[in-house]
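Let me begin by handing over the structure; questions about it come next.
Here the chain labels run A, B, C and D in written order, and each chain numbers its own residues starting at 1.
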Amino acid sequence: MKIGILTSGGDCPGLNAVIRGVVIKGDKLFEDEFIGYRDGWRGVIDNDYMTLPRRRVRGIGRIGGTILGTSRSNPFHDGEDGAAIVRRHMDDNDIDGIIAIGGDGTLFTANRLYEAGIPVVGVPKTVDNDLDATDYTFGFNTAVEIATESLDRLRMTGDSHHRCMVAEVMGRSVGWIALHSGMAAGAHVIALPEFPLTIDEICAYVKSAWDRGRAPLVVVAEGYVPKDAPEGFMNYELDEFGRPRFGGVAEVLAPLIEERLGIESRATVLGHIQRGGEPTGYDRVLATRLGTAAVDLVHNNGFGRMVALRGTEIVDVPLTEAINSLKSVPRARWEEAKVLFG
Amino acid sequence: MKIGILTSGGDCPGLNAVIRGVVIKGDKLFEDEFIGYRDGWRGVIDNDYMTLPRRRVRGIGRIGGTILGTSRSNPFHDGEDGAAIVRRHMDDNDIDGIIAIGGDGTLFTANRLYEAGIPVVGVPKTVDNDLDATDYTFGFNTAVEIATESLDRLRMTGDSHHRCMVAEVMGRSVGWIALHSGMAAGAHVIALPEFPLTIDEICAYVKSAWDRGRAPLVVVAEGYVPKDAPEGFMNYELDEFGRPRFGGVAEVLAPLIEERLGIESRATVLGHIQRGGEPTGYDRVLATRLGTAAVDLVHNNGFGRMVALRGTEIVDVPLTEAINSLKSVPRARWEEAKVLFG
Amino acid sequence: MKIGILTSGGDCPGLNAVIRGVVIKGDKLFEDEFIGYRDGWRGVIDNDYMTLPRRRVRGIGRIGGTILGTSRSNPFHDGEDGAAIVRRHMDDNDIDGIIAIGGDGTLFTANRLYEAGIPVVGVPKTVDNDLDATDYTFGFNTAVEIATESLDRLRMTGDSHHRCMVAEVMGRSVGWIALHSGMAAGAHVIALPEFPLTIDEICAYVKSAWDRGRAPLVVVAEGYVPKDAPEGFMNYELDEFGRPRFGGVAEVLAPLIEERLGIESRATVLGHIQRGGEPTGYDRVLATRLGTAAVDLVHNNGFGRMVALRGTEIVDVPLTEAINSLKSVPRARWEEAKVLFG
Amino acid sequence: MKIGILTSGGDCPGLNAVIRGVVIKGDKLFEDEFIGYRDGWRGVIDNDYMTLPRRRVRGIGRIGGTILGTSRSNPFHDGEDGAAIVRRHMDDNDIDGIIAIGGDGTLFTANRLYEAGIPVVGVPKTVDNDLDATDYTFGFNTAVEIATESLDRLRMTGDSHHRCMVAEVMGRSVGWIALHSGMAAGAHVIALPEFPLTIDEICAYVKSAWDRGRAPLVVVAEGYVPKDAPEGFMNYELDEFGRPRFGGVAEVLAPLIEERLGIESRATVLGHIQRGGEPTGYDRVLATRLGTAAVDLVHNNGFGRMVALRGTEIVDVPLTEAINSLKSVPRARWEEAKVLFG
């Protein structure tokens, strides 16, 4: 078969390992021919792609990022008939199927195309681990390891200076990275979007740790908004130089903690380092397994479905199970972690 | 309650995180009192233990090894009435329950004691990931990451010198570490104990990679024995200085590959570095979760059971489900990986 | 002899390795007795110290931070007669000499005390590498490695998204960390406080890299101020919630680059992770060597002097050579790096 | 100018960073044209090279190994007139100068060619740090960091099992890697080729650590031979399968320690992982600086010379200063480290 591959949405460690898994298995077992669309759906729309012979994926499994580039384009943009665009491209180029590697938006587009008759399968991608229908997504493990390493460093320097360190990690809508890295680093309190603590509650945990002689470590997800945030607290206005009037939530919290408790506090926003760079061994294995399963899925006519992880096994599920369904941190996991706070 | 904790068997990254999870939850939620036995069951037999107040577990979650030490002692050694020994110790010290963290042997002993009426629960530990009844064991992820990192380095130096690198990783009876690290590092062939390739088969994969212009990377589990190993091939005799007459299987294979294919080959045995050192964030989270669940298990009268991981959840199962039941690499996982060889 | 040790000023990876080097050598070779002042000079002023027997320094060489804690106190604060305070403490406790590990401020205080007759030697510390009279200071190598690793990640994610990544690293007055990590990571432009590029110059380098198909990587030292910064550009006012009205210089630059060149740009401030955590092997060796040399210096009556690195050798120099003398990046090093920009 | 580059001898982290420094500076400042010989001098002899336009070195600075490959060939092999071979190649291809990056053997060949009139400059390379005339060589720092990390892991697992861990690191003739990594990891004894301890001396240090409650860590350089080694101790005979009859010196020592002291001991040979993989930030900076200086040297007619590090500066020296002159660990460094043993 002749199969097109695309990576779409945000960058995520492991994308290249998926591509490699697809191409090597497809080439060896099925003698498939592969092309790679540049920058996600844009490459499909613009007919901009590279050939993907086996040698093109040599050694890329451990490289972060994606050799295909990515973007947030989609063929239905501006009311376009996305299916027609894609169908035309596939006819012109004799493409038998498309493997779309991406997050919620990408999988939604994939499903929409499938419902319009386009042969497409999905591989779920989100560094935030917020996609439903799969136990874990690749990239999440890497982000947690990077965050944990940074939190370890912050904790150590907080200990030396007898300070409270407030660290902000990724997680706009869900707190998975904060939950896992916070637990790994022994945070004294973790603030998630799903269970918004009040500033008072955070301060109580900080004080509890401080009174026991610890330098408190506070981990907040970037999407966490304090339950009792005062008016104007999270102000998104920009000033005349185009700068936001405030920092991330960590930069808001740290001075508040210092003011209320008299404990010197410092904020760090981990930012983009969490999604860049080499994937962990765990993510390389998961991504490779998903890639080999995706090419099987194409050959088994599994269009409209996506590969996923259940326990230790790779399965496939309808795309509809994953899209528009946020996997947030359940209360049981929150309670499990909360007992270790303070 | 007053609860005793012990770590027994081989060292494993994450042991301290389990201990910390147990103590912090037990202290905060139940006001339990903890003691820690030194060097596994030996500490129970010899009444050698340390108190484990909350402050004693401060920051240990990220430290490798075990603050309690470990050994391969067991109270039934030499036909001793292990249950009587343990019961006496518990009566003398008012111990209400024991949490035994260890591998197959430790859990077997724990079950034997339970059947004799001792209140004991288990936490499964094996860096090899060969315990049944749990999807993964802590320490395995760390070992895979360490091995993968080393394999990456070997691959790079092999590329520069146009050599075949043969790496031996942990795995006496099962090939999980070889499977995962080999797949992560893009090995051209992985040799597992479960599916013993012949030396010819290994050479065929090496040649295939070489002919495509690659510096072949061969990953072997330490317990792998070639199917067609000649007489005397794996010779365990010692010489007059007490040295084994041969190296590990990698050191045996490398010269054979060089001889048969004329490709310069070098062996590296990763050895003890795989089980030492700081656990990954993943392992710290898993170990912490198992620890908090273990103390719940004690309070829920779950004696004779052990905590385990199923998918994303922590559950508990009878000890009998885990002991004497080796979790080897299933054929489906072998086939999944094999398609990427060569 | 009975010797007091203190660590003062900002945290820095390697402090514990210095302490360990001092104590082990002093104990083994001279049978010295050591005490460690808590939180720098505060411990001297408040007579707050811990004993430092050999076992107290076991394994601390690889631990970040300082077991003694640190602060910015000094005995001359508020016009106090610092020398009298310290002399009284030393008499009361039979202290024969003090080893002060710290930066410019600490060494200045040490020299002031020396001039008033107090037997004190110095060990230079600055993660910024800005102390004169020594080729390198411990902690700098670790900060550069942490920064380089982060820059690698940023570069990779920038490549995937076709973005310009602007990273801010430590360096309020000098650009050593930016220079070294920027060169290591292949930055397309590095902005140092010593040689303030204009925003136009930065944009020219960014555009040059972009036109060659690269995702530009810009590294700025936190103390860099653009030569042509408009009025109000670097505004230190705080708003009503106590938050600074602007981000770091990276957060100011990124939108400007995006605005002027039309290239999507993202800022990351590496922050406190650069000074926390385990020191590199290099820093552990340097710190250990400086520690052993410091105790020699005390026994050789080298008061008023500090240990330092010259080439591959550890030497000692008068404290006056180091204090108040900033080691900034020399023009030759700037030119050497600049030729690789764009 | 048209300049040829080659990398020769053993692999070493940083080689690619040198190549990149040469090409970018040469291209930008001098509009030089570069070619890269494959596999060292072999590429010169066989006229086998690749063009090295600027884009070819994109991002290679952080990649281990060498994009040019390496070998131990030399044009004087078998009594050939190496100078004639090289001169003919240079005339045929209009090459104005050659930059040879390699160790003692490569620099010797370079000097021999220079004395026969060939315009060649050198860049010193040895992961062992044993080249004279330069303070440090790139790759050494990376090897020390890898070794230190492994030693940390071994120490931790030794602590858990109450074992003596014996680790063998690189260093056939000199003990620099053992000295630095051993000091960084807090080894209780370090055995170097330069100052061969007797087995009894090693055991005394091990016992001293053991008696203080430590799990002893012994670090040996691979070229260390015990002063009192019995007959046949280091037996290089091969058996009928082509395997050496013994392991590395660590594998010989460990059972001896166990036998003499009754302390369980385990050996690990770190092997090839020490020279493979990504160079540290330190090595990338050093290698880049040496590369830019090498192209300057060519343009300044500095043939017959090599670039080197003196303190913090890059200088150039006659090739004759480096060749045939081993930089071993001086006694002062040995004594400095020895005081911390036991």
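Going forward, a residue touches a chain if its C-beta (ideal position, glycine included) is under 8 Å from a C-beta of that chain, and two chains touch if they have at least 3 such contacts.
If you want to know which protein each chain is, UniProt gives these names: A, B, C, D = ATP-dependent 6-phosphofructokinase.
Worth saying up front: this structure is predicted, and the values here are computed from it rather than measured.
Greatest centre-to-centre distance from chain C is found for B, with centres as Cα means. Once the centre of each chain is set as its mean CA position, chain A and chain C turn out to be 34 Å apart.
Centre-to-centre spacing of chain A and chain D amounts to 40 Å, using the average Cα coordinate of each chain. Taking each chain's centre as the average of its CA atoms, chain B and chain D sit 34 Å apart.
One simple way to say how far apart two chains are is to compare their mean CA positions; for chain C and chain D this gives 30 Å. The set of chain D residues touching two or more other chains comprises 149, 152, 155. The list of touching chain pairs reads A-B, A-C, B-D, C-D. Against chain D, in their complex, chain B makes its touches with residues 10-11, 15, 39, 63-66, 69-71, 146, 149-150, 152-162, 165, 232-233, 239-247, 251-252, 255-256, 259, 266-273, 275-278. For chain B in complex with chain A, the residues that touch the partner chain are 20-21, 24-25, 28-29, 54-55, 58-59, 61-62, 135-136, 141, 144-145, 147-149, 152, 155, 180-181, 183-186, 212-214, 280-282, 284-285, 288-289, 292, 310-312, 336, 339-340, 342.
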